[in-house]
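See the structures that follow.
Here come two complexes built around subunit A, the first alongside subunit B, the second alongside subunit C.
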Partner chain A sequence: MKAEIQTFKNVIRETAIYRSNTVASFLVILVPILFLLVFWNSAFDTVESIGGYSRNQLFAYYLLVVFLQDVLLIRVNYEISGDVRSGRLSSYLLRPFGYIRHCFSVFMAVSSNALLYTGFIVIPILALMSPEFFRLTPALCIGALSLLLASLISFCFGSCFGCISFWFEDISSLQTGLGIFVPILSGAFLPMSFFPGWLKGLLEVLPFRYSLSFPVEVLSGRIDTFASLNGLIIQVFWVIVGAILLMFTWSKGKRVYTAYGS
Partner chain B sequence: MPVIFAEGISKSYRRHKRQAGIKGLVKDFFRREYETIPAVRDISFQVNKGDFIGYLGPNGAGKTTTLKLLSGILLPDSGSVKVLDEEPFQRKREFLRKIGFVMGSKSQLWWDLPAIDTFRLMQDIYDIPESDYLSRLSSLAEILNVVNLLEIPVRKLSLGERMKLETICSILHFPDIVFLDEPTIGLDLVSQEAIRQFLKWYNKEHGATILLTSHYIRDIEELCERVILINHGRITFDGTQKDLHTIYSNYVLIDIENSRGEISLEQAEKQIQIGNTCRYLIKKIDLPAVTARLDSMGSESRNLRELSFEEVLKIKMQDEG
Partner chain C sequence: MSYRKAISRLINLSVRQTFEHRSNLYLNLTLQVINYGFLILFIEIIFSRVNTVAGWSVDEMQLLGVVSQSSAVLYSVFFSGGISRLQESVRTGGFDYFLLKPLDAQVHCSVSRINPLGLIALIGPLIWVAFLVSQRNLHLSLPLIPVVFFILCLGVVIRYSFGLGTAVLSFLLTKVSALQSLQSALLNQSHFPISMYSGWMRTFAIYMVPVALIANSPTLILLEGGTGYYSIILLLYSVLSVVFTRYLYTTLVKKYTSASS
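What follows is the complex of A and B.
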């Protein structure tokens, strides 16, 4: 565990070196959300609720999405793909510290960092708008657990995707596609209740929702305790599937690794 | 006692054949062709504990691939490899703790952090006790004269300074076997010498086995008693520096200036054009006949000498595998 902690510390130190850039990057993510808030504010001028959300509920949803999407939708796939393509992976393979463990430590550090920086902006706004979020309720406890499971889903599937680089020289177009579709399907742009019935039904069982929208819905009290617990079971299922898939792609991938460029 | 056994190992890479021109591009898109490049072909050798071996060959000869196979980065297509009684590709924890790899063209250090932060990580990865870590780091840093560089971000260091720290990073856990892939590449003479002295010290002090690839003859001359030459993926020579010299002790080189190879010497075993000079490799026994022929042709501006170690290596490296 010591190596994981030291990797975590190194990532935090590294981020701290470029603090102005880090702060700027987190401020930048606020721009689209501000546009969304302005847009939805206008939409609520004529109606009381949209897709089952009141103005405050929808604002809270988006603030939580902003808060959590940089934690949950970390691009671990870029990291792995880059290491495989450049041959940097070789130096990790030579250490008695598994590469996936290294990636997970980096993932946790980047997530914590994102939580810290984004939270610094989002939490005060959320506290002003919806103070009920910060009461210790079952929803908050289940939400915290679902957040952890969501990050594991994101890590496992993101890592599997990065492992595709073992077989294909350039997956940048696939990465771009992933960067567009995953946020849409995981509810970063619109809550699940806005989707057409057939897609909503499909997303109920696919992993996307459980990597972002589900913990947001639990934390914002949109779903009851029974549905939350049910969702947690589906999350555990996807974590197991993702972990098995990751173990499989990683063990197959390192056999065909050619260590080009090193 | 042998610590490395390589028996008939081969490794090939599959490479996409790109075709030239727009037509080729279109054809390539719909019907991609691949070629198999043999990087290492049926090579066998053994290395004893404490040996310092120079593994040499031209670019693309298969040197780095061999080191990757021995360290477990790559899985051989055929043949068997045993390093410290383990199959390297299994990458067992205990095995990885006993090897170190310095890659001259790849950094292991965290680019934006001081080297000390990477060293701390290495301490945790290899479970080095605090007192050992501190004493090792201080002695290694002193030998390589980098004590005052430990807390400077790596990106602000010169290539030579960085390479010294890379070397420490790979050796901090005191491995039994060290693979060095061109550790002195691009370094100035002073830094090259510092790295050489350090490696010599590490080999002697710790009885470590070292396999070194380098394009600098001084590295090989100074450090490696045994030399393995590889070309086109095959071993062309495996013996001591002395053996290598002996092979060519019966030869001389004749350089003929202002010649484009128009003088044909049937006794020459090799003929190489270097700029305006044509170089011939001649057996000493044939020298009288060659001299007589050159005299008869009126060729006066010629230079005759014994082969230096560098020239022996160059000639041997050109041998087909």
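What follows is the complex of A and C.
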């Protein structure tokens, strides 16, 4: 555990050194959402509500997406595939701690940092727009729990994806694909209630929704307590599936790893 | 060796390299089609709930999406491959390779990864425009297509200037990857209608970072045959940005230390 805590601290320090890069990374998420908000603002000129959302509710939804997106979207796969491709993984395998646990420490450190940076901007705006977010309600508690589970889902599935590098030399196109699919399927661009029925039904059963839009909807109080608890159970299910899949791909991948490039 | 010959050799080499990783090429093309499909779906979903957004109809928005996508594809075909590798080559000292060649290093690294096969990604969007014109009666000023293409190229020039302008900062800073992603994220917002901007956002999106002009100017010419004002701003901006980027490059390249080579 000591090694993991030290890794966590190192990543935090490294991020502090490259502050401008970290701020720019946050702006990369903020910019598309800002343009989207201006677009939606124009769309609300002619109607009162769209897809069951008022102007303020939709803005709050997107702000929460900005706040959580950097934490929850699958990024860990770049670390793992980079280590496998470059052969750096060999040095980790020789160390007296598990590689996946190390990745988890890095993931948690990066996520905590992202929450801190985005929180500086997003929380005051949310507090001004919708003060009800910050009352200690069951939705807030369930939301915090669903956030934790969502990050576990992201980590497990992201790591599984990174493990594909054990079998394929270059997965950059697959990663680009993931970068296109995940934000859309997880509700980063459009809330789930906007999607046509058939697509919504499909997204309800896939893990993407439970890695972003579900915690956002719980935190914004759009889902009642019963449905939230139900969603938590589905999240736990996806965490278990993701963890099993990760253990499987990691143990199989290690066997075919040739330390090419090291 | 003349620039024309050198560039044609680089293209030749790039095509061969691309065919070495054919599956990657096909996957990338498929992803571009899917990406565009999602954009159409996004627009259709929104317009199933509202009739117009900032005065634009669903068909006009989709045309804007096609033009924006075309601009992104042209940039990616001609420049993005070379520019995106600049940071890494500066960090590793590989930039020496460009400096030692009898070609201008800025031109060489900019066009070192031209990938003409990427133009295939334009086929899907163009088929969609044909569908919009024939099935949904979208009226376009077709005789103005050469002008539209010229204005579209100005947008690509602006993308190039921003892309290279950010990349050359790697002569000064250790990490510019996030800045590169930021400029790319900013310029990729060109698929939104210009009339949605007001106040400071309008000033920003038209005069500071002309993201609102890149796709809107050619689209408005195609739709209305007018808006010369925006095109003139785009022309001026592209000339100034090229000059400024050249100045930035020549100034910053002097800081290059060839550290790791």
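In this text, the second predicted complex is superposed on the first by the 260 of 262 C-alpha atoms of A that agree within 3 Å, B and C clash if a C-alpha of one lies under 4 Å from a C-alpha of the other, contacts with A are read in each partner's own complex, and residues count from 1 in each chain.
Simple rule for what comes next: a contact is a pair of C-beta atoms (placed from the backbone, for glycine too) under 8 Å apart; a residue touches a chain by one contact, two chains touch by 3 or more.
Since the structure is predicted, the reported quantities are computational estimates derived from the model, not experimental observations.
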Touching partner for A:S172 - first (subunit B), second (subunit C), both, neither:
second
After lining up the shared chain so the two structures overlap, which partner does A:F39 touch, if you call subunit B first and subunit C second: first, second, both or neither?
second
Once chain A of both complexes is superposed, is A:Y18 in touch with subunit B (first), subunit C (second), both, or neither?
both
Using the superposition on chain A described above, determine whether A:L93 touches subunit B (first), subunit C (second), both, or neither.
first
Tell me which partner A:Q6 touches in the superposition: subunit B (first), subunit C (second), both or neither.
first
Could you figure out whether subunit B or subunit C reaches more residues of subunit A?
C
In the superposed arrangement, which partner chain does A:T225 touch: subunit B (first), subunit C (second), both, or neither?
neither
After superposition on the shared chain, which partner residues are touched by A:T258: those of subunit B (first), subunit C (second), both, or neither?
first
Subunit A positions within both the subunit B interface and the subunit C interface are 18
Which residues of subunit C touch subunit A in their complex?
21, 24, 27-28, 31, 34-35, 38, 42, 45-46, 49-54, 173-179, 181-182, 185-186, 188-189, 192-193, 195-197, 201
For subunit B, which residues are in contact with subunit A within the complex?
13, 16, 64, 68, 71-75, 91, 93-94, 96-97, 99-101, 103, 105-106, 108, 110, 112-113, 117-118, 120-121, 123-127, 153
Within the complex, which stretch of subunit A touches subunit C?
18, 20-22, 24-25, 27-28, 31-32, 35, 38-39, 41-43, 45-47, 50-51, 170, 172-174, 176-177, 180-181, 184, 189-190, 194-196
So in the complex, the part of subunit A that touches subunit B is made up of which residues?
2-3, 5-7, 9-10, 13-14, 17-18, 87-88, 90-91, 93-97, 169, 255, 257-259, 262
